[in-house]
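One chain, subunit A, appears in both complexes that follow, with subunit B as partner in the first and subunit C in the second.
Let's look at the complex of A and B:
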């Protein structure tokens, strides 16, 4: 696999230390949050574990710099604030991270359902996320757990209903 | 038990106290006796037993010459209160025929035991063993025979010497004596040292007088010494000290004292602080001020109070880190930050100690400079196992 195109900051040692200067820290966190999303999108991953210290995302080997777990938590907190991440456990060690916000995903799926005229039919999550015809759409290849969270949000708004069968999920749009 | 004799509890010449213990009872062989709850005193020659207070009064008490002792052993028995206690068993020679009257005339036992409620103390026990090993009483006997045999012969002196040496080293008493001698020697040394110090103080006052007269003479006789020399000599005197230091005695109120002290500090430090780049840590200030004052030293508190009063061209400044410095009013954080950034940019990245070295300032000040620059967003930090380094703040500047 080709080397990920890291931003220049990735090779700048202070980037790995949380800066005390307010403005600098904001800027730094923004870059990090952006890098997190882009990196995970590139790798098509939707979860992140703070304990995974050897991920190149946390650890620049050639620079010998690491993100401290606290720093990672700060970045994820920032992502959570903008609606791009969600802790999976109480200790906030495992995180779900997604390129679009859950609301965006929900809207995209709903728009697609409207366009393709699938209201009042039942689809499986697999059909939505892995349909080859949808490869141009934002939610193509989305993690099923993330999709499920997005659909739950949609369900709360009364736009669909989730049905559970044999451990897998189906969904009916209204 | 029949080896004991009634003797007055007084030390004979050459005999010295070794150790004591309380609440001791004597066994005749394995039999308990009436001699309970007494005090035992061990000397280099004998073992005394008396009712409480008797030995202190030098009353007649039980006495056992140590020459009777063949060997000492111990037995351990259960104690009433504390787990176990130790009794001392002393095995004895048969009584001498010329022994004085004692508590028992005949006894079949060839040993006695010393015991207490909680046994005998470890100190007493080890002292007893040491004393028996030293066998001081034998030396006394031999030296006496020598004196008796060869009257006023010089050979007795080494024997006495040896005796004295052995006495000195024997038992707890010996150790105590040794400590006492040591303490006395230390005392003398200290007294001597302070004598020197007071002489020095007196001399120093004279020295200051001398330098003052010289400086006044220079003022009067300007013609005789060349201007150049005068200036040089004056500068030496200046660096030696302040002519007339502000002291507390001259002021009735604290605030007046501090404000005039502050004025003097300001006058004195203006040039050095400028030389140092506009900042001086309080520690440096303290050293410089007191060096200039010579004899009238300032306490750190007084100096701090005076610095707090400073309002002129120099001010006291506390950094968020808690470090305190005197700083020129003209000294500007923005200026420092820009200056520091230049240094950091030139070196690509700088650690605190590197900047301190470059500028020839203390680590504390170098760190404050970098922190000032950081607070203004000019530099950013890199904390790693290699330590703290500062880089130009590309995080904000670029893009």
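Let's look at the complex of A and C:
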């Protein structure tokens, strides 16, 4: 597997220490937030556990620098603020992280439904996320849990209705 | 010989002195005239030269360097004299243009460099920004220094610091660097990675513990350096602008 193309900051030792200077810290958090999203997108992952201390994302082995759990939490907080992450548990240890915001995912799926004329039919989540014909669309390959959250948001707006069938989900668009 | 005395002799002496004076004035005048003529010839020749080689001047870095040396030798600042015959060479325009580009490049990279850029780095970025034709490529470090030094007349927002060993760093954020801070920058620029620790300053500069810590805290407080607390030992202070890996990547990505 090819090595992930880390940005130069990943090899800059102080990058792993939360900076005390306000402006510098803001820049640092932005670069980290961007790196988190790009890294997870590259690995096609949609969740992060703060306890996963051995992930290369938290730990630059050759540099012997790592992100403290508090630092990771700060970065995830930044992503939550911009709508790209959501804590899954009360202790904020397990996180859902997504490349597009939930609203973007919802809109993309809804646009696709409109264009392909699938309103008033029932789709499974699998059909939406794993349909080969959708491989050019932003939501192709999206984690079903993330898709579900996006559809819930859409449901609140009255554009679709989620239906539970034998433990899996279907959705009907209006 | 009999001494000449009497009124007649005094009058004669006076007359002679006057004649000498007159002759002196004439000589002086003719010298001045000659000088003026020479200057006139020089000016005409220089103008001819400038007309003939205008393109070369803009292109040829070697020429500019020698021209600068010549100006320094005869005490003329080619940039300060916007009027007058030096301007026909178009020397000023070249440096003004370069100066503006220096500002642009530095400000565009400020968020990344924290307001410091090494001269070599600046040159690489300038060349990338100036386009691919060879006219724009041939700029030397001296050219950039010349242009950048002129920028300091706009206040302390733009200063060139000499770091020794032919290294320069261009500061593009407002604020004066104290001697302490300049010394720290200097020490960091002599390391491979561009970082310093308090004990390094204590050892290299003979500073006290307190002085080193104070100076480093000040740099940190101004957002000019980054702190690394995971060294296992005392913290290290890093300058992004001096970090070699950043330059390598940024050059590639800007193409």
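What we mean here is this: the second predicted complex is superposed on the first by the 174 of 174 C-alpha atoms of A that agree within 3 Å, B and C clash if a C-alpha of one lies under 4 Å from a C-alpha of the other, contacts with A are read in each partner's own complex, and residues count from 1 in each chain.
By definition in this document, a contact is a pair of C-beta atoms (placed from the backbone, for glycine too) under 8 Å apart; a residue touches a chain by one contact, two chains touch by 3 or more.
Because the structure is predicted, anything quoted here is derived from the model rather than measured.
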item	value
Side-by-side fit of subunit B and subunit C on subunit A, or clash	clash
Touching partner for A:11 - first (subunit B), second (subunit C), both, neither	second
Partner chain in contact with A:136 - subunit B first, subunit C second, else both or neither	neither
Subunit B versus subunit C as contact partner of A:90, first or second or both or neither	neither
Clash-bearing segment of subunit C relative to subunit B, given 110-118, 128-136, 146-154 or 164-172	110-118
Contact residues common to both interfaces of subunit A (with subunit B and with subunit C)	8, 12-17, 19-21, 23-24, 27, 64-65
Residue ranges of subunit A in contact with subunit B within the complex	8-9, 12-17, 19-21, 23-24, 27-28, 31, 64-65
Residue numbers on subunit C that touch subunit A, as the complex places them	111, 114, 195, 220-223, 226-232, 236, 238, 240, 243, 245-246, 248-250
Footprint of subunit A on subunit B - complex, ascending	349, 374-377, 380-386, 389, 391, 393-396, 398
Partner subunit C, residues of subunit A touching it in the complex	7-8, 11-17, 19-24, 27, 64-66
